[in-house]
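My questions all concern the structure below.
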Amino acid sequence: MRTANAVVRFMRGEPFAAVGAAIYAVIVIMALFAPQLAPYDPREMLRQGRRIARYLPISSEHWLGTTAGGHDVLSQLIYGARAALEVGLTAAIAVVAIGTLLGLLAGYLGGWVDKLITRIADIALGLPFLPFMLVLAALTTPGTRVVIVTVALLLWPNTARVIRSQVLSLRERAWVEAARVTGCSTARIMFVHVLPQVLPLAALYGSVAIGWAILAEAAASFLGFGDPESISWGVMLQDAYANQALGRGAWNWFTPPGLAIVLMVLSGFLVSRGSEKLLFPKLAEQ
Amino acid sequence: MLWAVATLTFLLFRLMPGDPTLNFLSPTFTDETRTALLKSFGLDKPLWQQYLIYLGQLLRGDFGRSFLQQAPVADVLLAALPNTVILTLVSLCIAYAFGIIAGAFLAFRRGALVEATAIPAALATRAAPEFWLGMLVLALFAFQLGWFPTGGAVSPGGSLGSLGTRLTSADFWWHLCLPALTLTLFLQGLPLLLMRATMLEVMNDEFIVMARMKGLSRWSIVMRHAARNALLPVVTAFALGLGASIGGNVVIETVFAWPGIGRVLVQAVQGADYPVAQGAFIMIAFVLVIMNTVADLAYAWLDPRVSVGAHR
Amino acid sequence: MTLLSVRDLHVRYTTSDGTVRAVDGVDLDIPAGSIVGLVGESGCGKSTLARALMGVLPGTGHIAGGTITFEGRDLITLAERERRALRWRRMSFVPQTALNALDPVQRLRAQMLEVLCERGGLSRSVALARAEQLMHLVGLDPARLSDYPHQFSGGMRQRASIALALALEPSLVIADEPVTALDVIVQRQVLDVLRELQSRLNLAMILVTHDMAVIAYTCDRAAVMYAGKVVESGPVRAVLEAPFHPYTMGLTHAFPDMRADEVILLPIEGAPPSLLAPPGGCRFAERCPFAEARCHDMAPPLIEVAPDHLAACWRSDAAEELRAQAARPQTWAR
């Protein structure tokens, strides 16, 4: 009961975070209940009489019209949430896990470990994101796996850097000293004592990382390096572009998937901005 | 650093699972042709030897020859590079000019309504996929309204010519408009939010309070003192943004068929033109690394606390 | 003649916990050409008072009542534009830590010129000459005008701040803890500079500090603040040697603590009352060893207890006897 009250108060005080969380919730619901919510099977080529129902405009049967292949746009949009969440969550977890672990090690152990990790981080930052993903996709197999790997490999330094600073300051605190003195092993101190303290910060970066992953997947799909079998917002956009939807003015087709991406990434930003005050009240007081 | 990137690229292209040559050579080549090609590209030598040759070639600026186009890779890249650079610079400058002014303005004039609309709007532009923004812009201004061309850098029948010709050609600039507009739209969110945030921080600094005590006008305080201090991180962001954009432009260049380095890379990868792909990747990565370093140096130089030593 | 006269000034802050009555009915007089020390522990409202006099309060603060009469005009009723015209020209400010108070990306010369040309209307060449003059005045090498703030040592930075404060020849300089952040030897130097300039230029000065030693060394007059009110004021010798208010008596007695290295200036146990909801009655009564029933019930007014000497205490007539008791450590032990 108390936590519920705290959450409500938080939501009222931080409208940005509340809106972000609401958008997330909608997307999660869309993904979980896609079969129930979507009016049609997204892969089904619908027909109008004897012809394929291509490029139908907005109507009461097709709230967002149909694509060049006769698929219902709205259904594709709803199912697209699944791909978005899959890619987003997996990549975010990977990035945050790697970033937190490396940041923890670098910050706590210092010395050559720190230098080594920082060097590797510099290299990761020196590699351009999209080109790397492209090349990786071309040399292995295109698909969501490549997107996730690229995100995990190239985007961890930002998280790591921040975690590292926090660990550096936590390291000097009295209770860490106390743990050291009572003979706790380094590993134990790092993972049992320090790690839980930095997790909120990691979670913050996680919510932003989901957004980056989705943008990456969309870009990859658009360039033709995504998974053509899946139904994702990026694939929808690529489909539209390739089928000259722009020239035909099929706004109903290519606007919604982009908007969906915007909303999802935006909600990540909003939640992280709003949560800062909750997780770091000291920062707000300054 | 550069060395590390170059080595990584080499490893990337050579050590991927599967025979890289299979990906990049047409299967219709006969065995002999294939062996001959391998030999001419030095792919039959042991890996470490290939690596040394590779480094040597890089240092001389020799990127090899394109598989598909009958030209040295370096030429292909150099023809495309200025297009990317022009697009990026123009867009970045406009985006930053706008972002800085708007950000400072927002910090100056605070108000619940203004902030509730402007901040999410700026965030939304950052949250949008660049190519989707490009698609919207294309659909509206090129297809629907017909004010601008639908792609490329020249009208049909024309050719690009040298850098000088490009810069003075009205046709070129006309073609530049839409991609630049899209890129600007996408990029302005960062400087806007950053400038606003740093301004707000700076406005609370003691020397601003002192400025009020001195009775300086609000204008003077904001422009001369607050803005100058707040600009430091924004300038750094500009340098970093330049590096990142060169690589990130890949999608914009594809949407608008803009003949820049990004598009060269995509086409090379799609067409299995391995030397070009490698060359383009290295070039993009190098620019990124160089700009990162420039950003660090720029910050140190601009902030007198860092550039001029501590008290004597 | 009185340069600045404050009557019943109220300054409040709005916070998430409520309204803090930082300055709650303060009366203060600053005679022209005198140095008045404003002393009290942290949180008593002295810095707020200083900023209210300059008219530069943080966004959450506002003046809720009273008058500030400066050179014959009530500053509170002035429009902001007129108020701004007075700033730095007639009254200026020396901050506590100049490192944060000076623009870090501007050289000292540029900051001087800004004040001299923009606010003083001088031409650039005249301003440059004046800047050098000011540097000499505070004992700094004019060549250092080319330096940035972080290149100066603490003491020199404070001198630079003083030079800036004097640039437009104001009649009043308010210094907020000007030497607190400096070590003792440098403190002396800066205070000497202040004193010398004050007498040479015949300025009035308000020196805000929590350190009685600074007051004793530098000031002509002293005003003691406690919990948002002035509890005693008068010539510095009188206030320090023959105080009428128990709080002042506590401040002026230093008892070396065997356990600590430094001398503790405040033997008074306890803490000041919360300024969110100040108590009725004398605010010091909680901690006062001499408090009686009426002290808790009614707030004593600030009245003249000796020529030119004001104090707010119900037991001021018994002051001599109370002073004797205050001199003994046992009185303050709880």
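A, B and C are the chain letters, set down in written order, and residue numbers restart from 1 in every chain.
The rule is short, and it goes like this: a residue touches a chain if its C-beta (ideal position, glycine included) is under 8 Å from a C-beta of that chain, and two chains touch if they have at least 3 such contacts.
This is a predicted model, so every value here is computed, not measured.
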item: Touching both chain A and chain B (chains); value: none
item: Centroid-based (C-alpha) most distant chain relative to chain A; value: C
item: Intercentroid distance (Cα basis), chain B paired with chain A, Å; value: 23
item: Rounded Å distance, chain A centre to chain C centre (Cα mean); value: 55
item: In the complex with chain B, residue positions of chain A that touch it; value: 15-16, 122-123, 125-132, 134-136, 138-140, 211, 215, 218-219, 222-224, 234, 237, 240-241, 246-247, 249, 251, 254-255, 257-258, 261-266, 268-270
item: Footprint of chain A on chain B - complex, ascending; value: 1, 4-5, 8, 12-13, 16-18, 20, 23, 116, 119-120, 123-124, 126-133, 135-136, 138-139, 142-144, 150, 244, 246-248, 250-251, 254-255, 262, 265-266, 269-270, 277, 280-281, 284-285, 288-289, 292
item: Contact footprint of chain B on chain C as seen in their complex; value: 54, 56, 58, 84-89, 92-93, 95, 97, 100-106, 114-115, 118-119, 147-148, 150-153, 156, 164
item: In the complex with chain C, residue positions of chain B that touch it; value: 205-207, 209-217, 220, 224-225, 228-229, 232, 303-305, 308-312
